[in-house]
Amino acid sequence: MRSEVREALIAKLTALADDEVILAHRGSEWTGHGPILEEDIALANIVQDELGHATLWYGLRQQLDGSDPDQLAFFRDAYGYRCCELVELPKGDWAFTMLRQYLYDLYEALWLEAAQHSTYKPLAEAVQKIMREERFHLQHTQAWVERLGQGTDESNRRLQQALDMQWGYAQQLFVPIPGEELLVAEGIVPDLLPLRERWLEHSTRHLQNAGLKLPINPGYQPTSRAYHTEHLWSILAEMQSTARWDAEAKVW
Amino acid sequence: MRSEVREALIAKLTALADDEVILAHRGSEWTGHGPILEEDIALANIVQDELGHATLWYGLRQQLDGSDPDQLAFFRDAYGYRCCELVELPKGDWAFTMLRQYLYDLYEALWLEAAQHSTYKPLAEAVQKIMREERFHLQHTQAWVERLGQGTDESNRRLQQALDMQWGYAQQLFVPIPGEELLVAEGIVPDLLPLRERWLEHSTRHLQNAGLKLPINPGYQPTSRAYHTEHLWSILAEMQSTARWDAEAKVW
Amino acid sequence: NERLAEFEARIKRGEKIEPGDWMPEEYRRQLIRMISQHAHSEVVGMLPEGAWITRAPTLKRKMILVAKVQDEAGHGQYLYHAAETLGVSREAMLEALLAGKAKYSSIFNYPTLTWADIGTIGWLVDGAAIKNQTMLAACSYGPYSRAMVRICAEETFHHKQGKEMVLLYAKGTPKQRQMAQDAINRWWWPALMMMGPHDQDSPNTEVLVRWGIKTKTNDQVRQEFINEHAPEILEAGLTLPDPDLRYDEKTGNWLHGPINWDEFWQVVNGNGPMNKERLEARRRAHAEGAWVREALEAYAAKRQRTAVAV
Amino acid sequence: NERLAEFEARIKRGEKIEPGDWMPEEYRRQLIRMISQHAHSEVVGMLPEGAWITRAPTLKRKMILVAKVQDEAGHGQYLYHAAETLGVSREAMLEALLAGKAKYSSIFNYPTLTWADIGTIGWLVDGAAIKNQTMLAACSYGPYSRAMVRICAEETFHHKQGKEMVLLYAKGTPKQRQMAQDAINRWWWPALMMMGPHDQDSPNTEVLVRWGIKTKTNDQVRQEFINEHAPEILEAGLTLPDPDLRYDEKTGNWLHGPINWDEFWQVVNGNGPMNKERLEARRRAHAEGAWVREALEAYAAKRQRTAVAV
């Protein structure tokens, strides 16, 4: 692999993993506080899968540059993280959580579907492993969007409010990272542009069916993963507090 | 000063300072989110004074053992902190915040009044400096307790709920630290027992006048400052995140 | 009473009582009390551990902890189902919990102060729970017995993971060792109290044993727990906060010093460090989830109307 | 129009217009717009900085930051008072803000990502504000002019503190330098945009200058700001994110490259990084404070009744 391609792949894997780590963090803030016991279980499932995906992506990066996944997750600061801003937003209410999860899951499911044909074998294999999980997540969160959108006026209002807030942020999922065009050219990762069209089509239809108002003025649309929201610093302070408390520790 | 007395005094000053640092932290979480602009200003005043007091107490400790106040505040972990649990409880709503501040201010005002006769001159002088401030705080939070208690059913209910939660925790303010009896014997700090009686008398009268129900089953009453609530770890993770981000930094 | 005699005979023969079967009201009452308490314990028990998911020090530990807390939610589910077979609804049980009328295991009224508490809870608290649950797996009420078998299998896994963590930290860095020791110090006595009062102070035990709900007494279960855990902890190079603890050659038992029952009753009666916060957290979750549950109902009703119309 | 002529003559003579005096409706309208925007900016401006109080790295910095944010709240207060002298209530102004109808300075729609942002905001944002406010201190409306004099004195203090911080970090550890440079990179252009569009794109300027509300144009104020800050930043060993920036010997001005006005208008029109969050934060604070304000009113009403009864 040419070194520019390798660098770009490392960066892409990091971005994929970072998204999952931070989204899992937000999801795990619900543990024990969900609206129904069954949903504590379902969300815990999703969180575990996301952590599993992060481990896979970091693991693929490790094969390329030997970096340790836990070092990446627990000893990088906000300057180093490459998550998108959508996943950093505070957990909000249940509508906010389910909608974000839905918008993200739809993107991930489409991305994985396209990425299973990756010319980079380790990536294609990893995708095979997790595609089914992602389809389950999507089913679950898609159903929630419908239920809340068509439930009561209150639940519809909350979901619409969440959508108004998140729509612009969600567009960042389709902003390529610097050098991504190299990976696309080599068939290593799918082109985000056609995925975006499919995502827009699916999500718009589903959201409208659920009784939500679209199109939405997206407002702010983040364009670089080098920038973050005001929340990331505090997320990392909390998330990394145990690991950093005893940096001498070799194993945990 | 005998070394046991010196040790006890160091511990006492640390406890005094730690209370102020953590309470100031909780207070500062309101910045920009208060119910009225005027109260953002008033609470900012209180927070500044508390930070000032903390600096004074740590400063007195520094005279005794040379320890750096910022090291104590920003590089000690939950094992080392000696704040009481009351100040660690999450900020809650405005009733919770004002009530905690009132219960604490009343204790502090009484303590300072008694401590102005300390036989340890640096302490007596420090007390002189801050007594007036504390009287202002007390006036302010006392007035809020009355307004909320006598305001609407809703505000009374919230204040009562806060009281039910805090009453037991507040009792810890009057639990002497190990070795405190030595300091009392030497006239360095006031005996907490008679202060507690006055505090109970004042607070009970004022709270009842405000329309609150007392006595209250105190529930859990923390007895040792070596133990904390589940919140302290996260408070410190957040509070110390910048200082610890670059531990090489000599000045900030 | 013929039916009672037949009922007690069935239990004596080792038969399981099943939901449709006749049973004395007191048997039903005791079971509902125990199973719902047990279910509530699983649900409230999610809180102290759940709080550390966001702070777990590695990705693997984080995943393990999420899975563990998820298992607890699952246990809550089975147990509510088991209790429902006795004619009480989950809503009624939850209401009793939120109203502060139903109990849950007092152990969850202690705070989790550091990451090592997670390992320690797995080792000691789940360890104590397993002793109790293994005993209950033999209980005479079929649905409870089967729930216990399933739960025990998972708890055994948690117990192993917790033990592994604490042993790792016990031979880790000085800070890790300090963290582990501190956690053991704080959780040891509460773990011993989990089995409940001494036999002579446990008025329910006799009838529970007679009806095969319990097959061992509190003190028996407690002794089993100590015999297993005390030597392992000491062998790991950690100490236990009981100066009177000693091995008794004659009986082969590890004998403990006096338990602070005053603390136990304080916590049982609502005055433990976290009683208020735990209940408050459950109440908040319930209140904040109300609009979600309403939306679900409204949605289901609409779907039904549509289905009927079609 | 005789009154208008007399009004304009007064302004020409350098007299201040005071609340009771006659003034053209447009003068009143422009002032209300400007002063309320200014007041809202102070109030919204508390949020980006306030978020770092809990994370300040020393006790002293924490105190300084609390004091600074408190000053901003105070400025909001004076300014609402000044606007009220023109016949608009604070409630109406706040309502307009929360409804998304009133503007506030776009600079507060950028996030504060690290601690160095605090120093940088003090140096650049307050620096830019001071240039503007010093100009406004000479404005023809008495209450606004006096508020500006008072505010400027405090802002100057904040400006000095901010500069001191950034200079300290610029010669600090590598991480501190990185933090400072990153903050300068992010805040430089938004600070330049604070003075508003170029003169030719600023339709209000002409009338505002004629009526002595503004005494300088946007570009003039911007140039003053750059002339002061650019050399100081460069001298500190930091760079500026403007490859075209250069000193012009002839005019003695530091000339800047093209400003991204598209970004400016995006942010003004609600599409900046923090527009939604800022407004949401204000709305939440207002909504969550509603019961407090109701309690205050109820209490005051009760007291009044009691006073009357006595």
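Letters are used for the chains, namely A, B, C and D, taken in the order the chains are written, and counting of residues starts over at 1 for each.
By our rule, a contact is a pair of C-beta atoms (placed from the backbone, for glycine too) under 8 Å apart; a residue touches a chain by one contact, two chains touch by 3 or more.
The chain list, named the UniProt way, goes like this: A, B = Phenylacetate-CoA oxygenase subunit PaaI.
The structure presented is a predicted model; accordingly, all values stated were derived computationally and were not measured.
Each step here moves to a touching chain, and the least such steps from subunit A to subunit B number 1.
Two chain pairs, A-C and B-C, are compared here, and A-C has more C-beta pairs in contact (counted per touch definition above).
Chain centres here are Cα averages; for subunit A and subunit D they lie 36 Å apart.
Subunit C and subunit D have Cα centroids lying 57 Å from one another.
Of all residues in subunit D, those touching 2 or more other chains are 51, 55, 114, listed in ascending order.
Counting partner chains per residue, subunit A has residues 233-234, 237-238, 241, 245 touching two or more of them. Contacting chain pairs in the structure are A-B, A-C, A-D, B-C, B-D. Contacts from subunit B toward subunit C in the complex involve residues 78-79, 164-165, 168, 217-222, 227-230, 232-234, 237.
Of all residues in subunit C, those touching subunit A in their complex are 43, 46-47, 50-63, 66-67, 69-70, 73-74, 76-77, 80, 114-115, 168, 172-173, 175-176, 179, 281, 284-285, 288-296, 298-299, 302.
Remark: subunit C residues 48, 51, 55, 111-114, 178, 182, 270-277, 280 touch subunit B in the complex.
Looking at the complex, you find that subunit A touches subunit B at residues 77, 233-234, 236-238, 241, 244-245.
Across the interface of their complex, subunit C is touched by residues 21, 24-25, 28-29, 31-38, 40-41, 44-45, 47-48, 51-52, 54-55, 58, 69-70, 73-74, 93-94, 146-148, 150-152, 154-155, 158, 238-239, 241-243, 245-246, 248-252 of subunit A.
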